[in-house]
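First subunit A sits with subunit B, and in the next complex the same chain sits with subunit C.
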Partner chain A sequence: MRFVVCVKHALDESELKIDAGGKPQLEGAPAKMGTFDKNAVEEALRLRTALGGEVVAMTVGRAEARKSLKEALAMGADRGVHVVTEPRVLDPSRTSELLAAAIARTGPYDVIICSEGSSDTYTGLVPPMVAERLGYPYVGYARKLEVTAQVVKAERSLEESLESVESPLPTVVSVVSEINEPRYPTLIQIMQASKKPVEEFQVDQLAITGSTPPTVILSMTSQSSNRKRVLIEGTPDEAAQKLLGALEKEGVLSS
Partner chain B sequence: MNKAIWSFSENATVAAEIASAATALASAMQGEAVIIDVGSLREVSGATKKLLLKGLAQTDASPEVSAEAIFRAAKQLEPAVILVGATRNGREVASRLAVKMRTGCLAEAFRLSVEDQSLVAERSAYAGKVVARVSCPLPCVSTVRSGSYSKVEVEPNEVKEFEVGEIPVRIRMLRFSKKEAGAVDLKSAKVIVSAGRGVKRKEDLAMLGDLAREMKGALGCSRPLSSDLGWLPEEHHIGLTGVIVKPDLYLALGISGQLQHVAGMKDSKVVAAINTDKDAPIFQAADYGIVGDLYQMVPALHRALAARR
Partner chain C sequence: MALNLPLFNAEHKVLLETFYPSNHDEYSEILTFLGGFMEKEIMPLSPKFDLGQESIGPSRKRLLENGFCQIPYPPEYGGLGLPFSVYANAIELLGAADASIALSVEIHNAVTEGISRFGSGEQKTRHLPSLMLGKELASFTLTEPGSGSDARTVRTTAKLSNGEYAINGSKTFITNAGEADLYMVFARTEKGPSCFLVEAPNPGMKFGVDMKKLGMRGSRTSEITFEDCRVPIQNLVGIEGEGIDYATQILHGARIVVAALNVGISQLAYEKALGYSKQRNTFGRPISEFQLTREKIADMKINISAGRLLYFYASHLKESGVDYSSEAAQAKVFATEMSLKVCDAAIQLYGGYGYTTDELHRHWRDARLLTIGEGTSEVLRLLIASRELARTA
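Up next, the complex of A and B:
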């Protein structure tokens, strides 16, 4: 069985600095593997343990995205595929186009595993777009996965319901973070990850039609938080009374 | 391409909100708002026109099938914009539609406008730290965040039908069950008491649940409690990947205030936080902060509430 797990070298939102003019400093901001992508890697590894086969970690991004690929390899993926691109932020249409092309080029695969969304931009569009481009079914937001030689069985976690579904292979799956607890690679695994093969593609090596009009980011501004930030002091009983008094003045205490 | 703004959600409540967004956008560009129904909406409001896509069994209306049905209608009727509710299924519908139509797709919009033949969406990014304005040439697709538009109280008085023909079904539904009402309660709750890692034992959640009840509110939690510890069902998880809430009062107890969590509650009217760590980021996202132990503060709040009766 062959699995692809898609990972994003995502901007670390907790380290993102805002300049004096209220603009986020994207250039040079630290990045790491998307928080939820680790669950996708873990699930691919778990399925490989159960069924045998190979896990290929795939990413689209700048040269430094290789770091996230290496992290997936350290966790246990067998090899990597890196589609090298230039822009800092990619449009989901473009990302999915490049992923689908790289999957078609290096496949065939049985299951393509993604997380529900990247921790930085969180559009949730890329996995179903990849499915549509490849003509595959899509099983989104799985919290349990079972794969046999012919089908994927999944429990999908939706806003108000749980759905148990079955999809023929090949298929694209996205997983929610409660599906598993991602492993931490050992030091030895981290060292060995550098020796694992990574295949690199430039955009022009992948036959891309480029027909999709991309979205354009017009501006980014910091979301100002206008919280009062009043610190209430005193003994627990004093503080509790003061807090309730303040909340009552705000008119937010249900009577 | 005409000036029609289509709206779609498989969920009737969300469908009414997205239709309202379409109505607002349509009035700004002198177009018309049309609710798209794949047969799942018995009653819906928000726009005066509705297009019923016929030929699908209700059980077939999976996101994949819905996307193909809407695509077939769109190919013929050429709407300028298709707005899709940003639900877990809606994101698949929008993604597939955009690829089929060879258009761009905007995501998670909370405000929309049309400028120079492009749709412009405002959305949060980087766990709510940033608002991005993103544009895409018309025609295009956008997912729209639920809770962004207030409902327009009109009902469709003109219903047209479109025969979509045969659409193959690939995903087989084996079982379907409703989740417990937790998520729904949180969305409509006026007061939310929310528990974080400062809670040391699962049993102690009862004390917070009591406080929530006493304040006529609902109990929520940060991700570690539902995901890592499994102390509460996932439906109670407030945050970027969980439920997004905006109550009148959000009381964070023992929550450090990671960005992923704040992204789920930052639109609350008033936020109060109690945490033992004075440097916890939650205090930056709160109107009222108390540096203290929730094990002392919760009983003190009980006493203070009782004294007010």
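Up next, the complex of A and C:
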């Protein structure tokens, strides 16, 4: 069984600085493997242990994205595929186009595993777009996976319900973080990861036509929330009554 | 308390670049990983270890399973073959993440060091791989109720008869006692103090109660009594009568590690105080704006940077194969004493909250051990001075 797991060298959301105008400073911001991508890698490794076969870690991004690929290799992926691109933040359509082309080129694979979304931009668009481009079924937001020689059985975590589905192979799956607890690599695995093979593709090698991304980011701003700073005074009983009234007024509690 | 993370920071990177121009990337990668692991898996539990609400056992086990102790040892026994400085740096990070685990691991790995340097081929094959991955936990058993820095006066005896040594006597202040699977025990034979391995459980080995300590409360410390504790002749490490020489050499390396551990404790206390000085207002402005606060911040920083440079320098000498005993002692004396100053200044900056908050004063309590353990500051000053006087004789 062959698995490919797609990882993103995402901006480290915990290290992101916001400038005076409220814009996140993307240039030079530290990056790391997307938080949920580790769950995708873990799931691929778990399936490989159960079913045998190979796990290929794949990424699209600048040269520094190799770090995230290496992390997936340290966790236990067998080899890597790196599609080298220049801009750091790509449009999901473009990313999915490059991933699908690299999957087609290096495949065939039985299961393509992605995470529910990247921990920086979190559009969640890439996995279904990859499936669409490859003409494969898509099973999104899986919190439990079982793979047999013919099918993927998944329990999907939807907002207010769970859904059990079955899909023929090959298929694209996205997983949610509750699916597993990602392992830590050992130090020796980290050191050996640099010896594992990584195949590199330039964009023109994948015969992709047209370079204008269909979506353009016009602006990116940080969310801000202001506290109301309401001070309630009085004896404890009075203050409790006032607090109750204030919460009801805000619609937090219904009267 | 706001913290300035990551544990493995830009200063460490620059030092590694300076000492290892061609391999620093790999070392930084390993230490970045270890720092991240500790931030997530160890630091949040550290206050609970101090208060005795949780055992350090599971966290220590996970850390060792990840290969922490493999760092400085040769690959033929399962080590990573990395420089000693990388190991010392890793201990600094661990000292910041949790000093009790750092102490326990430091003692454990002192035994690994002893076996790798003085053990027989069979002892190495039998113990090194499992010690390096924490499948066995070790304890270094030298100090006695009547014998500390004067280790040559060790009174515990080992008598050989019928292919077995029978060990009798008592040891005290033993870290990892009762928890460890393997004890490196120093006992006197006819030829003088010698070094033995005792595997637990052994009916001749009894443990006292867990001692109540000022700090390092996550690590277990107790007495051990040996009563006709029998070990096969193969458990003698190296040559009979050479035990004190082995212990001395193991302790030279351990002193670098203790220096690094104290730099780690200091770094964390400093970061907490630095953050607090910007938040805490007095007379209408943050205390960080007062000159006397700034003096403290500067002195803390100078001390920590100097301590770090000293342990890196001593590590580098150890790797180069030259005598580093004086430099290791210098690093240890300086780092352990400055650590008390830094942690004390942190408490002072926190004021009443510093004196009443475990989360802050535990750093001073943890650091307080180490001007005593692994060679007192007094004895180490004698060593440094005697080296200097001999050098100029």
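Keep this in mind: the second predicted complex is superposed on the first by the 222 of 255 C-alpha atoms of A that agree within 3 Å, B and C clash if a C-alpha of one lies under 4 Å from a C-alpha of the other, contacts with A are read in each partner's own complex, and residues count from 1 in each chain.
Definition applied: contacts are C-beta pairs under 8 Å (C-beta built on N, C-alpha and C of every residue); 3 or more make two chains touch, one makes a residue touch a chain.
All figures in this text were calculated on a predicted structure; none of them were measured in a lab.
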item	value
Partner chain(s) touched by A:V198 [first = subunit B, second = subunit C, both, neither]	neither
Partner chain(s) touched by A:A104 [first = subunit B, second = subunit C, both, neither]	neither
Which of subunit B and subunit C A:L51 touches, first, second, both or neither	neither
Contacts of A:I190 with subunit B and subunit C, given as first, second, both or neither	second
Between subunit B and subunit C, more extensive residue contact with subunit A	B
Intersection of the subunit A residues that touch subunit B with those that touch subunit C	none
Residues of subunit C that touch subunit A when the two form their complex	26, 29-30, 33-34, 37, 62, 65-68, 70-71, 80
Sites on subunit A touched by subunit C in the complex	184-188, 190-191, 194
Of all residues in subunit B, those that touch subunit A in their complex	11, 63-64, 67, 86-89, 91-92, 94-96, 98-100, 102-108, 120, 124-137, 140, 143, 170-179, 183-184, 190-191, 215-217, 223, 226-228, 234, 240-241, 248-249, 258-260, 266, 269-272, 283-292, 296-297, 299-301, 303-305, 307-308
Interfacial residue positions of subunit A with respect to subunit B in the complex	11, 13-14, 16, 18, 24, 35-36, 91-93, 96, 116-117, 119-129, 131-133, 137-141, 143, 153, 156-168, 176-178, 181, 211-223, 225, 227-233, 236-237, 239-241, 243-244, 246-247, 250-254
